[in-house]
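The structure is given below, and queries will be raised subsequently.
Just so it is clear, A, B, C and D label the chains in written order, and each chain counts residues from 1 on its own.
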């Protein structure tokens, strides 16, 4: 466990002094910054100075005084990047909270992600209300559609001004949180009073400081279903190998967690943990040993694993994310060759359930969480907070500055108890180390 | 609708005269061949002479007199070919019926398909009893494992004799039913008294005369879940295209039926219905038109569709099935090229849920059916029938000779009401005809 | 098997001569009554004269000539009685077919069942279109809401005339089909040209001649989940008894079919099969024997079973259905008493999943069927047919006159192979006969 | 928020000095008590002195030195009380950890709960091994069966001695943790070296200090399915009321959490929050207002809610738990009366899904957690710990003394943000306060 010095600020920017009386009836107000020394576990502390022990995070929740007058407030919601279970739940929660609790009359849905702000694309803006969002939590995806890639902040703020929007909720990943920060900066440059609140979305669970991202539980649940199928296939023939590709460009949380859930996985490969293909301790020999011992093998592979082996090129997609080399294709081919040479007849079944995992509705646990995120995003915005995200840290809902969550990506600490449990569950160390 | 002359025999071979009293208590016996003029619909009549109107199929069910003495009977079960929901239900039903109703003491499970009979492979034979099969219907796959490809009939019959097996239940597809027929012929050549009963398994629903194959309903159910995900993905971006590959080497029933079930599919491509890629009425222009009109498109493609377009090579896999060209890969690539040329930005998401569809447990409807198949297979065998399969024809359980079901493959009649309804559901004719 | 003389007419009433050209593009027309001698199995023949062998049912499907001019046609849909999986699918299918294939501009949704026609209730009428029905198949229940009980036919026809409705689709059970018949009679008395088409809905599967009712498969699937839970509970304690109440006022099809599907049920009790509580062969002793032999027992009981034992009173509910005595309550109490007297410690867990079974969305198989029902209902109405229902008979979609389906209720023939299989699956005869 | 003085000890008892070398290969050892100041949120702090801020809990995990020699260690597992999703996962995890990681040869399954130790009952003891537990996580319930009520500690320890058991794992609720404590005391009195480790099981989530109990997530997921059905039923008729009874004798966590997840619940009734039936602000008028405003209402009621209204008698069941009055029956009857008097026609559908919720297999999230619980229970026992439970506190796995978790029950703090969010989600304050 390596601890790096990492200094950070947890102060949340505000648009001005709140002095409008809230219309909420009898809530428990959180009207001042509550001291909340959060203790992180060793896993979470890797990149943090122990100074964090003295930090006081701002607690999320309703404030007694508001910055915006609800009767005059206009909100907008935009969903960015790839799909993730729970997007519609967050949209619904924001609309319901704004409408029923604050009495806000207008919530606009910007369609097709940040492109929806750019007039040239000509996308419509949809009016959202309790009626047209009441059932959307039962569908996967996002009713607003999405897009990847960045758009010009000036053009976005032009749009916000043109539509007289006071509050913008940006639901998106790491890149979108950076985009949100640029919008905040542009708004600030123009000295406008527009609040920008982020709701971090990352099915890979890889946003810094976001220890729980919505949709992750659901994704793991669906991933285990696919692994279960791989297990049935692998045990349904002699020397069957099931290989399941899961999401995880830089962080293998879904692969790791699903391996813990099903306990049928023999090899889990993640970006954080380098492995070799050839030679003693390499994957090929390891799988061969496993087949000879037990007649079947289940491999779960995060899409970003083994990029040093694929010669992952450095091309970038339209979101600026590096394009990944096809590690599963490589493994499948090399295993076939290897087993042929070793005269070991085997059957490989490759399953890629990624789009199925991303596009289902959220499960109950994620729904509860999405509800909290939406509610608290509205509370924060109405109090005049901006440049921040809402998230759960430990068991509390808090505000974090956008700067903090975008400073780096989160990934598995392979020296942690967590990874140790994963290795224990797969038993792969007996073959590969 | 073309009607061809097709003469066929529905007589079931018998090993000898049944004269052992059944141990069954108070069943409804089916002790003689019941006249049962079955009327098939026009779809099913395509390849049949109307002489079928006069045919009398043999009804399945318990017989009062048995050929085998239950106390001395030894059965074996083997599962062959690819996975299909319900395999374990059929195994369980046979074991339960043999044990509880006939008091048969030994049911052996041959492992790894027909290879399990070949000593060189060295596979174990498992004793099956109510205890070790009681929960297996809750798992997908087959507890006996399977293999593809044929094995020498003489070697198989040597094994049957060595193990003193009286009844062999073969659960498998078209190829396995042919293998069963060879075993029957070899048994007959040796003048042995071994009954061989087939239970036809075909997730593609493509065995001749088998109007309902077990696992098909479940497969369609799971296929619709994947299509639903493709729909969520396609509508989650601007100009999204979801393309779902489904099973169906020569018959597109799963693709067609899932399209009827979900009613979100815009193009369904099956082996029976030729289509073109280029030009007016071709798939590329059709999809382009759909995108320009509705901003998203869902394509469902059976794996065996458009083989004239892929130049599907004539290599054969180990089961002797032709290897298919990659039609989905072709479509994805051509669509990308086409849209680039047409300057139409779009997003393709390709989903291949095949292994997930095959390996789930059977749904309730299929479970009921698998129960009937297992029960009636035991009834038939005990009465000394052989060289036959059990199946449902219309709403009756009947016996069909192996010769009949292997004479040709079944597929979609594209001149039928059924296909007409599929075309109505997708609406693709407005773009492609 | 008793065969009664039962003469019936299969002629479908028509409003007049169709002479409008259909707007459908290239369908397979069914322009004349197609001879279709349907052979029913012995189970289905119980109440029918063998004259049925000579009957020619009218085939469902698109007609080349229409009676109504699509551009001037106004349709209405009403859903009546209790919930059943698939109601929304039928509504959706009718709307889609009317809109996309016939170009009909107006489809009205009458809300709250037949009450929706009665002005005093003041219920709104909703305009249905592809947009507002496109997702409804993903929800259980009916978007139109429903009500029980009959309403005055004259008032209903007054409403139909006032709204200028040309075609009424009535989705409902036995009672609603009778109500539909009264509406047809009243329309006829007034010499109006209003087509009334029934789509029979019966989760109990008990409408005469309707061998497959939509939602039944889904109901059985959900019922097996509840039985599975009862099994887990019963085996989770010593001498555990799981008792599951299922729908089935006069017909025990759900109970019987679910018992076949799960094969864990030890006693299935249905209205068609009388049983005794006390004495040798009675339920109490039977359960006791089972507990002493196997330590747990699963009882599945249709709500209408054993009404001679409950002294089921003859009060009627608002739909005119007899109110049932609480057979499960009786069994639970008597079992507790009996086991106390016998000094047999036991644990009863009673599960009533009825509302959960009724209110889920339809599964894929039912969705396909609901699609066919809606499409063909529209085809029939547009051709000027009336006083009829669409249904599947064997594997064909046909028209049946309302008179035929309401003449009596369908139930399980306890002398059939079907019931014999159920008894074989439960094994209850060894304890109770 | 009331803070009471509550002093407690977090020291874990040990059987003696560990000095056997662990057979584990390369784990991250936790060989000393790690300082871990845990900060609880205001909800969790209600009954605790702030002294807790200075407490150091013992971290769970593998120890380098063991107290027991694995090659000579004999373990036993017993499951007690009502069913809960995940029981089989915990059993499986213990067996797998003991077998594969420590090389322990014998793990016994005591059947039928603590009764399994009492010779008079004559229950068998089952040998558990990786083969016979490998699939059990796919089933609900417990393969060992369970029973309620206490048994004599002396008799239990007699049994432990007779079977030469070194480690006993007790999976059970509040009462079972007390029983475990008595066993520890008796073992200590006899100066035996038997470790007793508790794994707290409480579907109600009401064990003190156990902020997350296994199976709770799954229970909430299933509860939402039942509520969804109630919603479909309630909106499927005019003035429909859906009332769902959920588990929760003294703590309404399942009801509260499911209400947050589905956001369709209008009234949630829990034991912690008193309510009135009659008069202004009472439930009857509240529901009436809701019906008049919105035409349907969904009530979710924990079984232990409103016991002051039912005159809940003080009879005790065999586990010593108070028997609850039938609050749902009371509400149903009073609502019927009230609406009759108010001349408001309505339809009540009552759903009790309790046994369905309890008896399903655990979802992926709970499976991961059960895996951690089992692994760490074995680690603790092998190190010679006793009289303790393993659990997650915040995001860390820790050891807590049995004394601490049994000192009182946990329930919802109705002055917390959590309950405030629940009230916000239901909106019931506008009708009932």
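For the reader, a short list of remarks on this structure follows.
Heads up, the rule we're going with is that contacts are C-beta pairs under 8 Å (C-beta built on N, C-alpha and C of every residue); 3 or more make two chains touch, one makes a residue touch a chain.
Note that the structure is predicted; figures quoted are calculated from it, not measured.
Comparing the centres of all chains, each the average of its CA atoms, the largest separation from chain D belongs to B. When the CA atoms of chain A are superposed on chain D, the rotation angle comes to 180 degrees (nearest 5).
A straight line joining the Cα centres of chain B and chain C is 30 Å long.
Separating the CA-averaged centres of chain A and chain B is a span of 41 Å.
Averaging C-alpha coordinates per chain places the centre of chain A 45 Å away from that of chain C. Contact with two or more other chains is made by residues 139 of chain C.
Of all the residues in chain B, the ones that touch chain D in their complex are 135, 138-139.
Of all residues in chain D, those touching chain C in their complex are 83, 112, 115, 121, 123, 139-142, 145-147, 225-226, 228-230, 232-233, 235-238, 242, 349-353, 355-356, 358-360. Touching chain A in their complex are the following residues of chain D: 25-28, 30, 36-39, 41, 44, 61, 92-93, 96-97, 100-101, 137, 211, 217, 220-221, 223-224, 257-258, 260-263, 363-365, 367-368, 371-372, 375, 394-397, 415-417, 420-421, 424-425, 427, 429-430, 433.
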